[in-house]
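Look at the two complexes coming up: chain A is in both, with chain B in one and chain C in the other.
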Partner chain A sequence: MQKLQIIQDRVARQVMFALAAFAGLIVFLMAFGLFVRSRPILESFPLFELLSSSSWHPLKGEFGLFPFLLGTLWVTGVSIVVAVPFSLLCAIHLSEYATRRICEWVKPLIDLLAGIPSVVYGICGVLIIVPLIKNHLAPLFGTFSTGYTVLAGGLVLAVMVFPIIIHVALEVFSSVPYEVREASLALGATKWQTVKLVVLRKAMPGIIAAIVLGISRAFGETMAVLMVAGNVARVPKSVFDPAYPLPALIANNYGEMMSVPLYDSALLLASLVLLLVVVFFNILSRFVLIHVEKGIQ
Partner chain B sequence: MSRKGSSKVNTRKVEEQFFKTLMIIATLIIISTLGVILLTVIMKGLPALSLSMITQTPKGGYYLGKEGGILNAIIGSLYLAGGATVLAILISLPIVMYFNIYAPKKSLFVSACRFSLDVLWGVPSIVFGAFGFTIMLFFGLRASLLGGIIAVALLVLPVMSRAMDEVVKMIPRDLLEASFSLGATRLQTAAKVVVRQALPGILTAVLVAFGRGIGDAASVIFTAGFTDSIPTSILRPAATLPLAIFFQLGTPFPEVQDRAYASALVLTAVILIISILSRVLAKSFTKHVVK
Partner chain C sequence: MENHTHIRVRELSVYYGREQALKNISVDIPEKRITAIIGPSGCGKTTLLKSFNRLIDSIDGVRVSGEISMNGDNIFNPKIDVTLLRKKMGLLSQRPHPLPMSIYDNVAYGPRIHGIRKKRKLDQIVEHYLKESSLWEEVRDRLHTPASGLSVGQQQRLCLARGLAVEPEIILGDEPTSALDPTASQRIEEKFLQLKARYTIVVVTHILRQAVRLADYVVFLYLGELIEHGPAEEVFKSPKKELTQGYIKGVIV
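What follows is the complex of A and B.
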């Protein structure tokens, strides 16, 4: 009886170890799987040409990803410019100023915002932001626009990025020791001076990590952007131009990709590029965050 | 106090007040975006919602504005998210038990796995979809419920396992040692002590993962396909709510677009219920927890 239990324990240990190893390797498996599938196109064209060419004509065998990369960068850029000030101010408010009761109300709402599906964000973008840009913002700047633009994509993404930046920033702020704040206040600094000169300065690496995590979220977000960004395969020149971000390209063409040679390979290469960029950003910011946590303790 | 000093105090106070106001405005704006989103979905969706929407599958010409509903997508989404959640539990629980009970303390392997899961958390869902697609090509599978379940299970795995990990980490070491000292093996301790102690947290993790799975569209677009009927087998394609919303909104007919809003209301309601449920469960399932 006891022997059986010990054997069970050993088997369980092996199974659990194998599963843990599998989970740890998924990222590598993904990169490998996508790489294998994108090899046909990498063998036909040099990588640099694929990434820097602007001509996207799958039927003619031309797969230039440059407009899509730029589309992604524009949309991500707009979203970060909008999201960073709002979410940092909100995070400072919640961690330094707000009473416990306000925090108890606000934090679950922000969690809820994080849980809303991207399709619903997309619908709200189509119903609110697109008409707003078409009827009010674009005429204000003296241009015509359909509303399906870089700006629309960026604004929708900004709202989706709020929760992640706030969440990580709150954790970083809470790791700044309380004594540091008290020392500053005791010297006669106001609360805001303490925040600006002590808390923010000490939390800076962590804040940058939070922003980078936000960037990588925005970089890969698909459905919401697909619905509002316009999807025209041209390099945007202003925020009132349509964009066609990389994830939207992948999602939009799943139907036809198997019927055109190299098309599927090109799309899986696009996924691989997306994966590598996001993984790079994530590794960077996670390292900083681990460092921040250790530095405090 | 000299005049110079007092004016300096004044600017400090003004600055303090200025930034405090900005912060409150920022917080209010962020909260109100949630309000605006919920209000939009309710105002647009409620008038278009009807009983037949949620009790019928699409009839011929549904996407042109004819009779039918989105039952196929509701059931498909429940199957898909349910299957993916179960699969993810089967992988997550053992991993978390290994991290916290079996592995030696300060194991490099465990730190590397946790790190890798954190990175996986950040990978966009469209990449999970594309990867799921390459797996399916490899095994010669077509777009099916099974393909979707695998892709979504991988997608929610980091969410679920890291959330469970945080809970199990919190269990006091003494409790484990008490169990060991009674002669229990680590497996028995894991199954009978740890799971019970961490049950509220585990349930929350499961619900959060289910919510993420049911709301995700980009990972199922390649893998689960889309169909107008309710899937009868795991190898058949399955419709999902987010994709149904996307397709209905993409048609040029206002009646069908209205149905997209109604479907969005259904999906949002599901997400809200899950979110509230997880909060309630986390509070009330503490019967077996030693405090």
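What follows is the complex of A and C.
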């Protein structure tokens, strides 16, 4: 009897260890798999050329990923520029000013935003944001636009990124001890001074983490962006130009025209690049966090 | 020296939701004396203290009735500027909570908020109040390092310097030595005894011996009610109420 339990204990421990190790390994396995499958194209063209060339003509054997890289950067950039101030101010309001009753109502609603399928965001984008840009915003700036633009992608993404940043920022704000706020208030600081000089400062590493999480989400988001960004393989020059982000490229084309030589390898290279960019951002955020934590406290 | 009243409390009641934390308190806090608020935990000591600088305002569902006046002005008057009121009182909390910035910036925080910008003036203020709280010698070489690197005892003296730097009239201490070791506690107590020449000091404490060592005037609260108050000597030597006698003997804890 005793022995059986010991065996159970040992087996359970090893199984759990194996599972944990496997979970940790998945990233490497995926990166490795993508690398192996993108070898053919890497052997045919130098990596630098693939990443910096703007001509994407698979039938002619040209696989320049530059427009897609920039498309991703533009759309993500717009979404972050819009989402960060909005969601931070919203989080500040909820954590510092709103009464508990308002919080109890609003927080679940915001978390609900995160659970809405991205197709729904895409549809809303097509029905609301695209016409808004086409009929109102673009004429306002004196240009013509179909509405399917970097801006549309960025705005839809921004709405999708809100709940992530707000949620994490709220957690971070609630981890700032109430007594630190009290110390500032007791010195005669106003609420806004306290938020600005003490709470935000104390919460800065966490806020950066929240933003980076938002960026990672925006980078990888596929469906909603694909539906509104226009998907034209050209480098965007303004927010009113269409863009073709990496995830949209992969989702739109993988599985089609696979008879074109090197095509599937090119798409897998695009996936690998996407994966590496997200990993890079995560590592970057770690460094920023460590740096910021040393600076303040 | 004659005793002037600095803070006058009349029929003060504080409710948290349905619960009444303070019941009809009336007491006079004398100027330039140390007043100790004593009583078992949960009796409303901290609530009374935080009513003085209206930090209880920010608690959800709090209701206040009655009056507190400082130098004759009712502090619950909606027209008064709360930030100015709070500037008149330095607060020392149970555990030191340095602001997330350097030692220098902690002390300069209050003065900066109240409009002092000149570097030389700020330098002077920082040095002066760090000396006032006997911290200068220990930190003069690392003024620009994070305040969180100090020991807890040093942090509490830093918080004292930070509070004094806004030039308050009153120092409020909410069990200010409860997180400190005996030596550090002693330093704070010594500081209080020096400072009472210039400041009115109100200390919440659950350490009776500390009250005996420090207090000129004692306020004894029990379950939100004011049981007894008076000059320390009278209250400690010949308490009038049975509850006070019991508490002082250590029967009610």
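Here, the second predicted complex is superposed on the first by the 281 of 297 C-alpha atoms of A that agree within 3 Å, B and C clash if a C-alpha of one lies under 4 Å from a C-alpha of the other, contacts with A are read in each partner's own complex, and residues count from 1 in each chain.
Throughout what follows, a residue touches a chain if its C-beta (ideal position, glycine included) is under 8 Å from a C-beta of that chain, and two chains touch if they have at least 3 such contacts.
Quantities reported herein were computed from a predicted structural model and do not represent experimental measurements.
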Contacts of A:Ala20 with chain B and chain C, given as first, second, both or neither: first
First (chain B), second (chain C), both or neither touched by A:Gln193: both
Which superposed partner A:Leu34 touches (first chain B, second chain C, both, neither): first
Dominant contact partner of chain A by residue count, chain C or chain B: B
First, second, both or neither for A:Pro177, with chain B first and chain C second: second
Touched partner set for A:Leu213, first chain B, second chain C, both or neither: first
Which superposed partner A:Val225 touches (first chain B, second chain C, both, neither): neither
Chain B versus chain C as contact partner of A:Tyr254, first or second or both or neither: first
Shared chain A surface residues [contacts with chain B and with chain C]: 190, 193
Touch list for chain A against partner chain C, complex: 99-100, 177, 179-180, 182-190, 193, 197-198, 201-202, 296-297
List of chain C residues in touch with chain A within their complex: 53, 55, 58, 60, 83-84, 86-87, 89-91, 93, 95, 97, 99-101, 109-110, 113-114, 146-149, 159, 162-163, 166, 172
Contact set on chain A toward chain B in their complex: 5-6, 8-9, 12-13, 15-17, 19-27, 29-30, 33-34, 36-37, 85-87, 89-90, 92-94, 97-98, 106, 108-113, 115-124, 126-128, 159, 162, 166, 190-193, 195, 213, 216-217, 219-223, 227, 247, 250-251, 254, 267-268, 271, 274-275, 278-279, 281-283, 286, 290
Interfacial residue positions of chain B with respect to chain A in the complex: 12-13, 15-16, 19-20, 22-27, 29-31, 33-34, 36-37, 40-41, 44, 91, 94-95, 97-99, 102, 109-110, 112-113, 115-131, 133-135, 137-138, 154, 157, 161, 185-188, 190, 208, 211-212, 214-218, 221-222, 242, 245-246, 249, 260-261, 264, 267-268, 271-272, 274-275, 279
